[in-house]
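Each of the next two complexes has chain A plus one more chain, namely chain B in the first and chain C in the second.
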Partner chain A sequence: MTDAIVSLTDVHKYYGTYHALRGITLDIRAGEFFSLLGPSGCGKTTLLRTIAGFEDVSSGTLLLDGKDMARVAANKRPTNMVFQSYAIFPHLSVAENVGFGLRRSSMDSAAKARAVDEALEMVGLKGYGTRAAHALSGGQRQRVALARALILKPKVLLLDEPLSALDKKLREQMQNELRRLQRQVGITFILVTHDQEEALIMSDRIAVMFEGEIAQLASPQDLYRRPLTRRVGEFIGVMNVLPATVSGQEADIAGLGRAPVTPDQAPSGMPEGTAGAGIRPESMSILYDGETTTRRTASGEVVEVFYYGDMTYYDVVLPGTTKPMTISMKNVAGRPVLDRGTTARIAWDAEALVLFGDT
Partner chain B sequence: MKLNLNWLKGYAVLYLVFLYAPIFLLPIFAFNDATVIAFPLKGFTTRWFADLTTTPALHGAVLNSLFIAISTAILSTCLGICAARAGARFSFPGKQGIIGFIMIPLVLPEIIVAVSLLVTLLQLGLSLSSWTVILGHTLICTPFSIAILNSAFATLDPSMEEAAYDLGETKWSTFRLITLPLVMPGIISSFLIAFTISLDEFIIAFFLTGAEPTLPVYLWGQLRFPAKLPIVMALGTILVAFSILLLTLAEIFRRRGIAKAGGRDTGGFL
Partner chain C sequence: MGIRLDKEARAGLTLIAPPFIFAILLLAVPLTAILMLSFFSQSYLTLDTTLTLDNYRTALTEPLYRLLMLRSLAISGCVTLATVILAFPIAYFVSFHVAPSKKSLWIFLITIPFWTSYLIRVFLWKVILGYNGVLNSSLQGLGIIDEPLTFILYNANAVVITLAHAFAPFAILPIFVALERIDRPLLEASRDLGEGTVGTFLRVTLPLAMPGVVAAALIVFIPTIGDYVTPQLVGGPSGLMIANWIQTLFLGQNNAPMGATTAVLAMLIVGVIALVFVFLNRRFLRVRR
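Moving on, here comes the complex of A and B:
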């Protein structure tokens, strides 16, 4: 790819005998919001720190803006990092923190002060320059860390779980602002997160990592609708997977019955024989008394009810299966929440199925 | 339960009396107008303090002790910075063992340390001087310095150093601009404690001192002359006041350091 700002080829990283990164090959485009998503210990932070230069690669090549970074230390790379702990220097003022990276620049002090003011204004902290850094709130620290990293106008901004320390409301607000900021400055952002919702909301593309390998690299929509493996499907949102038998263009699914399938619904290749059939909670619905439908139907017993206010999640066991599947329903007016133990009729669509080679 | 609590209170009071009563006797007899250290008191005087100013041998001992204490404090704090930084940042084979061995002088009987050092120095053919005392004092003060600095370095977020490095600073300027200011309270605290320990250390100084005695060694020599006892009491009073001042300062700096680095206090020496 010609417009790749970060390019990794078969990158491995060992810590002693521990194999942290197992052959990462990845191109990140200039100006995109890219997320590394995975459970803890999957190597996503190691990969980020490798790009930053805090860890060196054991083998493979890492190019930043077309240049090999093998012999370039972190302080000479065109990257800047926002740390999980923010790492705001507590003995310096907000302005001194933000302007820290300009210490070595040739700008005169007036230009530096102007750059600091602009950076603070960009993150919504205009006029906070003289405050002591240790007196800031969590959200303000986050903004100072962002301003400090962006003031050097890096080619790539690296964000290591920057929102995990914030409470839910503030996190959602910062997700918005980060996305807006990224569009505004046009710098490539690489975000490390374990929160799949956060990755879906913010990213142009997401790399899902398990055990030091990239399991799937796709846009949020493709990742959610067409997961390559059952594991990716279950990691991104909720995926009900039922045992199925596939023969040709037809799948026989436990509890749901027969349905036609197309190769498009098997992202990792059409399985033959035993397979797993995945379906998302919102692709099924519960039919209320007297309700009719042209969709496919099945029935099952409601074993658990989770009321979320706007939504209700039902755990339903289909006949011939043991593992309950989750169905989500919008709580619209006139639609009562069902009780546990109710036998419910279910409507579903064959087009919503995803087939996996593993059951 | 009520009875138990009273017992504990009584015990605590007795403990404190036992601990501090002898020290309270120092100022009492330092201002007592008699050469014999005994009750009843004879009257108030400051002449023992005045006598202090007219004893040149004492002045020499004080200066010698100050030189040794300052040198020891600088040396053990520098060694402590290196060890604590390595211990907090890096993991290497045998780390636990090495740190353990460094800390052993904390619990070794000083007389053993003193005798072994003396034997070693004589074998090496080195003559005894203030420098040999500094060597011995550095040996026993370094573990204290490491213990204090360890807590300063351990509460320092490793991302701080990485952030400065990431923003274009070199390893050395990162240390100077970020690490050093953030652990400075620990450094001051370590310096003051090593200084205090060295200043009133007797056994090692007694064994390793050359022609010029340190203050505690000089004091010990004066005890043979009963007439000098009140002067010793006066000097002791000054030393106790000075030590308490230094330790208080050290603790204030240690706590301030923890607060600055945003950590929680996990206990120190005081």
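Moving on, here comes the complex of A and C:
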């Protein structure tokens, strides 16, 4: 790829005998919002720190903007980082924090002060320059950390779980602002997160990592609709997986019955024989009394009800299966929430199925 | 009238009463006694309790007092400087380059010299620095010098060397604690923002370690200025300090009021310097957290 700003080829990282990164090959395009998503310990932070220069690669190559970074220290790389703890210097004011990296620039002090003001304004902290760093709230620290990194106009901005310490409301607000900022400055953002929703909302592309390897690299929509493996499917949102038998273009799914399938529905290749059939909660719905449908139907017993206000999630056990599957229903005025123990009719779509080779 | 105390305050006062009384007896009473004594005067064997400022006049006008006080300040200043400068790299090494699991072992090892009596450690330095001591005989044996060095014992240099060694752990510990409290991501952030090793040290590590450095300086400076054992044993005539003179006044010349006056003045000077240190520390501490 010619427009790759970050390019990794077969990157391995060992800590002693521990194999933290197992052959990462990855191209990140200039100007995209890229997320590294995975559970804790999957190597996503290690990968980010490798790009930043805090860890060196054990083998493989790392190119930043086309240049090999093997012998380049963190302070010489065209990257800047927003740390999980924000790492705001406690002995400096807000303006001194934001201007920290400008010391080596050729700007005169008036230009530096102007740049600091602009950076603060960009993150919505205009007039906060003289405040002491310790007097800031969590969200404000986050903004200072952003301004401090962006003021240096890096080629790549690295964000290490920057929102995990914030409460839900503030996190949603910052997700919005991060996206706005990224579009505004046009810098490549690489975000590390364990929050799949956050990754889906913010990213142009997402790399899902398990055990030091990239399990899937795709756009949020592809990742959600066509997960390569059962594990990816279950990590991104909720995925109900039922045992199935596949022969040719037809699947026999436990509890749901027979349905036609296309190769498009098996992203990792059409399985033959025993397989797993995945279906998302919103691809099924519960039919109320008298309701008719042209969709496929099945029935099962409601074993658990989770009321969320806007949505209700039902755990339903289908005949011939033991593991309940989750069905989500939008709550509509005049439609009652079902009780536990009810036998419910279910409508579902064969096109929504995803087939996995592993069951 | 009277202050109404709630239950909690009463319980608190009861709790602190014994140590408070203890402190009064052992600190406030002797201090007051010394202060009173400094306004008396001695006429041969009897203590004249008429209040007078004569002692202070003497202390402030006679050159000997100024000489000894300035020398004490200079020696203690040198000791403080030497100790802090030597202690910082050790504390830095233990904090940044020793595996976390081994840090407490290192700190424990650093305190080992303290298991020996202070007096024995001073004598040890006499043995090392003496005319026919370890250092001189080694250097002579190696042919580096022909005559034994005489400037290393029985003068101010010897006092500085001995005290700097004795107080090293007191300086290492507060600096170590300050370094330990520095969040490591701050150092990475500094590197990420373009600073190299030296820049990061000067702009992040050192400023954040300053409270520890100031505390170390204070802890070394205050006790060393009042030390009289070390100057007496290794200082020789040119290494005598103000505390030696106070001792001479009390015991040798039987002039307790004059000794008390000298002590009060020395305490005042040290107190002022300590306040400067405390103020400095507050300035460094205020910007934290």
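Keep this in mind: the second predicted complex is superposed on the first by the 359 of 359 C-alpha atoms of A that agree within 3 Å, B and C clash if a C-alpha of one lies under 4 Å from a C-alpha of the other, contacts with A are read in each partner's own complex, and residues count from 1 in each chain.
Here is the rule we use: contacts are C-beta pairs under 8 Å (C-beta built on N, C-alpha and C of every residue); 3 or more make two chains touch, one makes a residue touch a chain.
Keep in mind that what you see is a predicted model, and the values were worked out from it rather than measured.
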Simultaneous placement of chain C and chain B on chain A, clash or fit: clash
Touching partner for A:Ala132 - first (chain B), second (chain C), both, neither: second
Which of chain B and chain C A:Met81 touches, first, second, both or neither: both
Chain B versus chain C as contact partner of A:Ala215, first or second or both or neither: neither
Contacts of A:Phe89 with chain B and chain C, given as first, second, both or neither: both
Chain B versus chain C as contact partner of A:Gly101, first or second or both or neither: both
Doubly contacted chain A residues - partners chain C and chain B: 52-54, 74-76, 79-81, 83-85, 87, 89-91, 100-101, 103-104, 134, 148-149, 152
For the chain C and chain A complex, residues of the former touching the latter: 183, 185-186, 188-196, 199, 203-204, 207-208, 284, 287-289
For the chain A and chain B complex, residues of the former touching the latter: 52-54, 74-76, 79-81, 83-87, 89-91, 100-101, 103-104, 134, 148-149, 152
Interface residues, chain A side, partner chain C - complex: 52-54, 73-76, 79-81, 83-85, 87, 89-92, 100-101, 103-104, 132-134, 148-149, 152
Of all residues in chain B, those that touch chain A in their complex: 157, 159-160, 162-170, 178, 181-182, 260-262
